[in-house]
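Per-chain residue numbering starts at 1, and chain names A, B and C are given in the order in which the chains are listed.
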Amino acid sequence: MNFEKLVDRLGSIDYSNLYHEDFFHTWDKTQEEIEAVFLVADSLRYLREQNISTKIFDSGLGISLFRDNSTRTRFSFSSACNMLGLEIQDLDEGKSQIAHGETVKETSNMISFMADVIGIRDDMYIGKGYTYMKDVSSYVKEGYDDGVLEQRPTIVNLQCDIDHPTQTMADMLHIIHEFGGAENLKGKKIAMTWAYSPSYGKPLSVPQGIIGLMTRFGMDVVLAHPEGYEVMLEVEEIAKKNAEKYGGKFTKTNSMEEAFKDADIVYPKSWAPFAAMEKRTELYGDGKFDEIDVLEQELLEQNASHKDWACTEELMKTTKDGKALYLHCLPADITGLSCEDGEVDESVFDRYRVPLYKEASFKPYIIAAMIFLQKMKNAEEALKELKEEAKPRLKK
Amino acid sequence: MNFEKLVDRLGSIDYSNLYHEDFFHTWDKTQEEIEAVFLVADSLRYLREQNISTKIFDSGLGISLFRDNSTRTRFSFSSACNMLGLEIQDLDEGKSQIAHGETVKETSNMISFMADVIGIRDDMYIGKGYTYMKDVSSYVKEGYDDGVLEQRPTIVNLQCDIDHPTQTMADMLHIIHEFGGAENLKGKKIAMTWAYSPSYGKPLSVPQGIIGLMTRFGMDVVLAHPEGYEVMLEVEEIAKKNAEKYGGKFTKTNSMEEAFKDADIVYPKSWAPFAAMEKRTELYGDGKFDEIDVLEQELLEQNASHKDWACTEELMKTTKDGKALYLHCLPADITGLSCEDGEVDESVFDRYRVPLYKEASFKPYIIAAMIFLQKMKNAEEALKELKEEAKPRLKK
Amino acid sequence: MNFEKLVDRLGSIDYSNLYHEDFFHTWDKTQEEIEAVFLVADSLRYLREQNISTKIFDSGLGISLFRDNSTRTRFSFSSACNMLGLEIQDLDEGKSQIAHGETVKETSNMISFMADVIGIRDDMYIGKGYTYMKDVSSYVKEGYDDGVLEQRPTIVNLQCDIDHPTQTMADMLHIIHEFGGAENLKGKKIAMTWAYSPSYGKPLSVPQGIIGLMTRFGMDVVLAHPEGYEVMLEVEEIAKKNAEKYGGKFTKTNSMEEAFKDADIVYPKSWAPFAAMEKRTELYGDGKFDEIDVLEQELLEQNASHKDWACTEELMKTTKDGKALYLHCLPADITGLSCEDGEVDESVFDRYRVPLYKEASFKPYIIAAMIFLQKMKNAEEALKELKEEAKPRLKK
């Protein structure tokens, strides 16, 4: 779609509830709201490619609140803020600390006097990350209502224990571009499958986010994992309902082969079992660090018994025409390169390197689009004006 | 006061000596200079509330030089710089290091090639922090005079061992707003009192800054603490002279009850005894770390014998109409919440949460106003122009 | 030269190959390209001194990728980015880690979605730093060609194992200003000499960069060091060829006295022997950390036998009129101040403090000029426009 079509389409749908609201989970949003994010992301990318300034802020802060290390999400958030005119201010809290109510309330307000948006990544403990984000949101809303804050900073979920909307929407926009439009996804099979990794305890937010989002596009979504690697039941429920509502399918299997068979898209990726993560959070809360070590050891052993769950060349051949689109949120554990046995064969990974990087390249635009729609009541007008003003990003 | 009145008043007073000067202690400044900071702070806040850009810099750096950890002061300084158009660049020196002349001279110049302002926090060692700030100031002045630096970066004291002007002026502006104008403060009783905290060695800059500033407004300032918790004598002298000059009172007591009695404003807060802090600095300079540990232990025990110094509901009832304005620089040690015994009852703190957050919200504007007045020769004209240009902060 | 002359001269030379290219080593560039950097640096400085905005970017990121600690280079790069309108985003990788191909390729792309320039400092291991920079460059070029990146970030070498172009060009611009023009340097003697320092393993990039650059100006360049402190042979070859081509001299000596005799400029500075650094890199690669410790001990002892290599008052008296221009990249090891025996007498250092700071003050402008020329096809037009627009940097 060209810029005019993107903006016209945006003008014809209802995204009004994104305005002044947070972005937590994709399933909180309507179909048109999800589409609006894609339309704005593509529009912003177009403007930037044309060397047209996309700044809507003259000044203001974007707060990055990361409760886990991250290079790529940090840079994506920075990039998104920068292109809109916000300066980044980092708040790095130790990842070992699960903050409590009063402290969070105070800190949330103290960092927000000039904050327009707060990007939060908190994926370490089941039942904690999303709760934390909602707390921050309610505290700054309170601060705004009480006249403490001049503006209400909105929240962008940069990964919680449940969903990872900026990742999965970047994945989806990549798919849309690869397949030439969302209208072409009906009936396409996507295999979200577990894969073996020598590292322990990867978050569940990606598989959960994927089944929660992709089932909205009429796709045939298959979730595959060994027994014991179940994801959160409530997200499976969401996936089921979406499939029904939007005319797609959601199925589960314990066979990677079955999932890959004739798949149009594959997303093989390691994650930790939900039940184990829940137990870990509990042990952590009780300060039982010895038992956490034991649990980690058990999980590594459990993982090791599933080394055959790998995205090999053989398996890739069984996909649609042997050419399924391979997805990953990166970094991947690559067999023979980053580890002895990993999620994917080096030759497979290599063949998809450019598409994988493109997949990642949508994330800054997705984040920027979320912020844009949180701040601009009339987004299509704002985009049109940017194009008309045509202020060069880099002086010509 | 509305914007026009703020700016008119600013035009009628003499703040010319703030231009191209540092802001170290409130008592270095005239009454009109202090008022100018309040007027500009309120004006900048008004503009921001109206979504009008307050940027006076097109580019330039604000250096934050923190010799102690800090979240809220860091964010306040960042916010102030951002709203004026300066980008933050952090210089984090280890807090354990008391830097010496040559190194400070070189570093001060090396970080200042594009620096318009340097915000310094150095409150750890008595006799060191303010000295350090003055050194940095003289070195960059020299660098500017020698043609090394294109502009002379001015200093904003973000807390030293003696004063904490951005905090106390934020406190004061909060009071002014709560009482409907500085003219209503005459004769009002403010109790700056010590309170018990389980943590050790809190800086004296807040109580010192408060008695040094509040005595300029004709208030009845009472400093209360247990025996042995004396503050710096030279600041007490300043408070006395201010009280005489400006028609107020400055008294001392060893009774928290006496201080709270009929008080209009209370500021109960822990601090370390000046004499002990002096000894600590000495021991530190001599590298006697064992003796520092012993000293800390002694001080904690000394503290513990004054657990009755707490801002309780009972004590609050004895204040004017039982409704004194409760102040704190945050974070407070809250009894039963952040510690077993602390500075304040949870129910008292809770009742004042919104005013406390508002109190804190003035700090970014106070800092921005200090920078504004250091850089704008004709501040009232600059403010008027910003309002007339009315460049939207966030695109409409 | 005034601004008009700078820009006119720029318009008359060919710097077109700087556009969209990296800046690795000075010897990769033509004489006119080197001159262009100086002309733009002086022009940008002039504009800034006139309070005229030098921003050519409306938004965009400058990535600082430091594989070693650094305060002054970090601030120089930040300053350069800020004055052009780029926001800094730091990527701090541990300095102990020699990254491998795949990871570098992925990371390079992941940080570059909105990156216009990447400043890299990687000087720790012989044979690694420059290689790393070239890798990053080729990976982001690939990313740009593949449509992953919207713009191709160019690289500025902020110090590698071979050259330190931003330092030596700042040194050179300082010399040009001190001697009243590059045309006055013909036949001037510059002594790049080793000097004793109690610290171990300083990079060779400065002496190498100096002999590689200064030999292009018809100067009499003398490299002096004790036996065993040889620099890279390939850079000596470059120096020789330059001397021939540009009508100067390049000689070597093992006598500091000989080098200083009648010198117009002296640059006494410690560095590690190339052979030892090569061995160290090897040991490091093999994980032989015990042997590294042994090597370091040996090198410290070797150093200690050359404590007489110091820039003393006596030695300074033997230079041209006893008044050679003293250069250093800072920080220097100052005898009796920062160490017992060091590179330079305190009284010598003190006498040259202001020129030394001025020398350093050129670095942000050199970096900014490199970026400017990488991004502006018609740099003289861009400079003229900035001057005509005359947007105030600080509101008047």
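The rule is short, and it goes like this: contacts are C-beta pairs under 8 Å (C-beta built on N, C-alpha and C of every residue); 3 or more make two chains touch, one makes a residue touch a chain.
Quick caveat: nothing in here was measured; it's all calculated off a predicted structure.
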> At the interface of chain A with chain B, does the proportion of residue numbers present on both copies reach over half, so same, or stay under half, so different?
Replying inline: different
>> If I superpose chain A onto chain C using their CA atoms, what angle of rotation comes out, to the nearest 5 degrees?
In response: 120
> What is the distance, in whole Å, between the centres of chain A and chain B, each centre taken as the mean of its C-alpha atoms?
Replying inline: 41
> Which parts of chain A, given as residue numbers and ranges, touch two or more other chains?
Replying inline: 55, 87
>> Per the contact definition, I'd like the list of chain B residues that touch chain A in the complex.
In response: 45, 48-49, 53-55, 71-72, 75-76, 78-79, 82-83, 85, 87-88, 330-331, 334, 337-338, 353-354, 357-358, 360-361, 363-364, 391-395
> In their complex, what parts of chain B are in touch with chain C?
Replying inline: 55-61, 87, 89, 91, 102-103, 105-107, 109-111, 113-114, 116, 143, 146-151, 375-376, 382, 385
